[in-house]
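Two complexes follow with subunit A in common, the first pairing it with subunit B and the second with subunit C.
And then the complex of A and B:
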């Protein structure tokens, strides 16, 4: 049998750097072989790259206005919105093979995701935090207290990317560009392709801009990360709990660390969304939230609170959700799992079975002869993280105000809440959730699709990266005296 | 009711006696019939297990083959009281050492020890000392006197009572290994050319070898001596590969690999499985180190994705069907990953929980964090 072969360089370095020979990793399925090429990097090389990045940034990126930067990035995004663009086609072919995600789902989600980086979305993104199309990033601007202020991005950002969801890395990469900072990035071998291809397009459009980015994959260890931290003044780390903790511990106090770590999403369904008219749609959308990228993004729900008193009962809700998950599986099958991931699902199912022996109201809905999807229904208040990969807990609830004590212990892990509820109760609920640390509320069906102005994990995106320099009013006034021509 | 359990126990004792040395042509049918009777008895008398079976849409009318028995997850021994009889009258109860969660231990009630003892004695004789009647046993693990409610301690006490010579001893006192007396007893046995069976859990041997690292010692145990090891490193922090451990033990004691045997047992089951090397050796056959279940135990390796039997040579979850578990649940889904081949099966290790790839936190990680 002949199989197709695609070779991809899963790295990018400035054009004025040459590296040694490339190493190859091969990933294949029945019909396709993917060869991933990357250089084995050393500490000396990291230090050298860091110097070059800073020079390149000084010579070019720093001279651009925010609008010009947005222009370039949006041209990249526009290329990617074209279904016939060859790199998009490469991504659509290769990412399902390397990640195991369903090919049709990847296609759809990449298409949606890339739109976040078109001109209008980027402008909104910058305006939501910096205002005035990012003018304060370009020049000293008059401020309300008198005087002038300007934002400065980091001298060099060291980014440690996660590999759970294709493209997720582009967020912080683009944030770096918008604040005019060079980025040295460590790619995850789980998903290095999307960032590598995106920067390749960037280089096609403006190679000097791409010259302030170096992204390279390496296996997590000690030395190289240490070098990355040493050369940078700001560290951005995304990933699991252990990875984030480990990096944070290594960063000296005088450097800035932004971390995006382990988070849990959940859904709240009010009885008004469970009327005969609306319940099929509500459930279908929740099934989508659970199924997109198999809950590997921190945005996806792991528990669902369903209010009693709707047109369908909470156990009926669970049964219908199970059916929808089954439909979704037929349309977009879940990724093939590692043994440990399958076992985690089996354990969740066992625990639910054991619970239902003691409490016959507890019900398990599970895909037959597979771990494809699982719904554990608990007819009481509770909260639980799930083993992911399309497994979810459903809890019955009488009143949303009861959630406070249930969610409180998990406060630091809460992130997105998908909510289906009438406007009358929305703001009361939002207040409760906001106090509990929930950073984002979205409609159900949209949990995995963030808006371009979102505050990642409840933080500012650009504002957290920059520092401010003020020219105070006194100086502005005093300096007038030193004008030789003053009257 | 006690009549019924007496009948079951009598049939089990007879079955063990009948098949302990080898299987006849009626064996498969006999095993299945007895398994169905035990399941019927458990379905009638073990209420939580009955509910579990019903959840799986199984009952004595629908299940005809032991392979189809509802497999209770081992976790259920922690959460539920699983017994066909009044647990307050149980002769013994085994607690697990809390391998993953110290707060929650498995409880295995043994209402009557007769079958348990028959199973232990017949298995030990067949697989560990097939050519001997007695042997001097040096145990590195506590016996029942200092460690009640441990299935391994009862196992050791029984082994020493039934198969131990008068020189047999336990070298675990006051929560630690009594190295000094152990060494002198080993030297004594060596001087007398007396065969010994050193019995310990894997982590006992790790400690012992660490001690010998600091206090260098080697022995030249009499030919036919046996190193008996049980368990892996469940819940223990040290990770040592079995092959390294056995190589080091072989060197310290001057014992060949063929004389080192591993036993698979756990709190929730009543019958143990052993490596087949000593039985192979006694029959002058090629020696394999795979495990073989005794005649009153069957196993299946299940695909983790489907929970259906998986082909030979592939990893899967070990399902354990132990007739001697007549008064709790005979069909158990363990958390051990195993592989089967034509010679037997091998335990790969305890199933590990899953870790999420990125920022999404999976339940196992959350438990670790909290």
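And then the complex of A and C:
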């Protein structure tokens, strides 16, 4: 059988820069060979690239209005909404091979995701934080204090991208463009393809805009990151807990750091979502939240709180969830794991087995002869992170107000809660969760699908990047005196 | 072996179809509970024959129409084997298939119907109600209800018997719908006239030959024929098959 080969440049540099020869990494499966090409860069080159990026930004990106930038990005997104667009086809073919994610699932999720960057969504995104279609990013605008204000983006953003979920990097990349800042980005080798292809499309539509972006993969170390931090005034870092901590420690106090690290999602299911009419779909949706990208995104649930008193018992809930996860495995199989990941799941299973010896109410539901899915049912209140890759804990609960002391120790890790309860109780619960640090509540089934105006980890997106310059009222008034023609 | 270490309860397994299913399950590696009503000796013979061939089986007496007795038996099974994976509801209230002396519609009392409903529908419910929480905890469980091909084409109108067996098919379907999400499959087997069995002794040669004439395969059904289908429905060979009624009658019934 002849193997198909696809070669992809997993980097982008401004057109007015040339780099040395390219290195190749090869990833293959039974039928396809993917050649990833990238340059090995040096500290000197990083510094040079940073200079060029800033010049390019000054000459072009800085001159564009926010709506012009939105126009270009939305044209990129529109291209990607076309199933026949060649780069989308490349992504759909290659990403499953390089990441191990199920091909059909990647296809579905990419097409959902890319739609967040169409014109209407971007306008909403900008309006949700900056207001007035981003006018304050374009010019000084009257403020409520009687003066004028304008937002300025960073001079240069150094972005360290994560590689857990395809396309996730586009969020911060686009945020940089919207605040008119150049980006120097370090790509993760785990998933460099989607950002590289997206910027390639950007270059097809407006190469001068793409000239404000340089994204390159390199293996994490010391020197190059240090250089990246040095040339930038703002650092955006996404990744695992240790990686994020390490970078944050290196950034001097006079520079801004925005970090997006390890988070734990969870689900709350009220008895009203477990009626004979609703329980099947409630469970199906939760299985989706667990299965999409194998819980690798920070949005996915790791623990589920199920309220007692529904039409089905909490252990029946777990059994039903197990069957649904098995169905999902048949439909969209989980990625093949590394040994260490498998081991983590085996450990979770063993711990559950041991717990069940001491407490016969504890039950383990697990896929046979594989680690494809795992549900650990605990008929008591508790909370636990899971080893991911479609493994989850289920806890029984009598009253959601009991969650406070359970979740409090994990406050800094809480982010998304998938919730299935009636409106009467929603806001009381939302208040409890909000106080505990939960930053996002979504319907079950939608945990992995953020809205275009979401506040990542409870922060502002654009507002956190920009700084404000005010022209105070006194100056505005006083300056009138210096108008020779005024009487 | 297709059923290695699966725990299977076969009701009414001291003779006929039930005994054949028990033997074939054991041959496929299952731990078989041979339930019986009266005939301890028959049940023990079945168990001994299984054990002598290297299989695992135990006989347990109970009247499956009696909820308390059923619960005691099931608790005994769970205490000894930890779980149940497969339930074959095969037992029925004593019924003589005697085409020449059957009761006509006007002769039947409600108590006749009740006896058949108790022996079929109630018996299934007695077993399932108690064992359901356990079945739900397994990744895959299978419930097999034995009905009859007479429910589809009642060549001889045994009213009371056919009513009872028809109810079992209805329950098979509704159970399949509700339990599918738990990974529990529920199916029925509808055998044709099965020989040799005690119940069919009074169905004489003339009627048998008539049936054979209309049967595509040209023969009646044997207990082993039914057991083969019961193995299929209990194993992963029938994955994703649920709510079905398989007619094992040589093609006499085509649905």
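As a convention for this text, the second predicted complex is superposed on the first by the 487 of 487 C-alpha atoms of A that agree within 3 Å, B and C clash if a C-alpha of one lies under 4 Å from a C-alpha of the other, contacts with A are read in each partner's own complex, and residues count from 1 in each chain.
We adopt the following convention: a residue touches a chain if its C-beta (ideal position, glycine included) is under 8 Å from a C-beta of that chain, and two chains touch if they have at least 3 such contacts.
The structure displayed is predicted, hence computed values, not measured ones.
Student: Would you sort A:263 into first (subunit B), second (subunit C), both or neither based on which partner it touches?
Tutor: first
Student: With both complexes overlaid on chain A, does A:326 touch subunit B (first), subunit C (second), both or neither?
Tutor: Second partner only, subunit C.
Student: Going by the contact rule set out at the top, does A:338 touch subunit B (first), subunit C (second), both, or neither?
Tutor: first
Student: With both structures superposed, pick whichever of subunit B and subunit C touches the larger number of subunit A residues.
Tutor: The larger set of subunit A residues in touch belongs to B.
Student: Looking at A:316 after the superposition, I want to know if it touches subunit B, subunit C, both of them or none. Which is it: first, second, both, neither?
Tutor: A:316 contacts subunit C only, not subunit B.
Student: Identify the partner contact of A:365: answer first if only subunit B is touched, second if only subunit C is, both if each is, neither if none is.
Tutor: second
Student: Tell me which partner A:414 touches in the superposition: subunit B (first), subunit C (second), both or neither.
Tutor: Touch status of A:414: no partner.
Student: Examine A:283 and indicate which partner it touches, taking first as subunit B and second as subunit C; both and neither are also allowed.
Tutor: second
Student: With the two complexes superposed on chain A, say which partner A:394 touches: subunit B (first), subunit C (second), both, or neither.
Tutor: A:394: touches no partner chain.
Student: From the superposed pair, tell me which subunit A residues show up as contacts to subunit B and also as contacts to subunit C.
Tutor: In the superposed arrangement, which is not itself an observed complex, subunit A uses no residue for both subunit B and subunit C.
Student: For the complex, which residues does subunit A have touching subunit B?
Tutor: Going through subunit A, the ones touching subunit B are 162-165, 168, 190, 238-241, 260-264, 295-298, 300, 302, 337-344, 346-348, 350-351, 353-354, 356-358, 360, 364, 369-371, 384-388, 409-410, 413.
Student: Please output the residues of subunit A touching subunit C within their complex, sorted ascending.
Tutor: Residue positions touching the partner: 280, 283, 315-316, 319-320, 322-324, 326, 363, 365-368.
Student: Under the definition above, what is the set of subunit B residues touching subunit A in their complex?
Tutor: Listed in rising order, the residues of subunit B that touch subunit A are 48, 51-52, 55, 73, 75-76, 79-80, 304-308, 315, 317, 333, 335, 337, 351-366, 369-370.
Student: Mind pulling up the subunit C residues that touch subunit A in the complex?
Tutor: So the residues of subunit C in touch with subunit A come to 133, 136-137, 139, 181-183.
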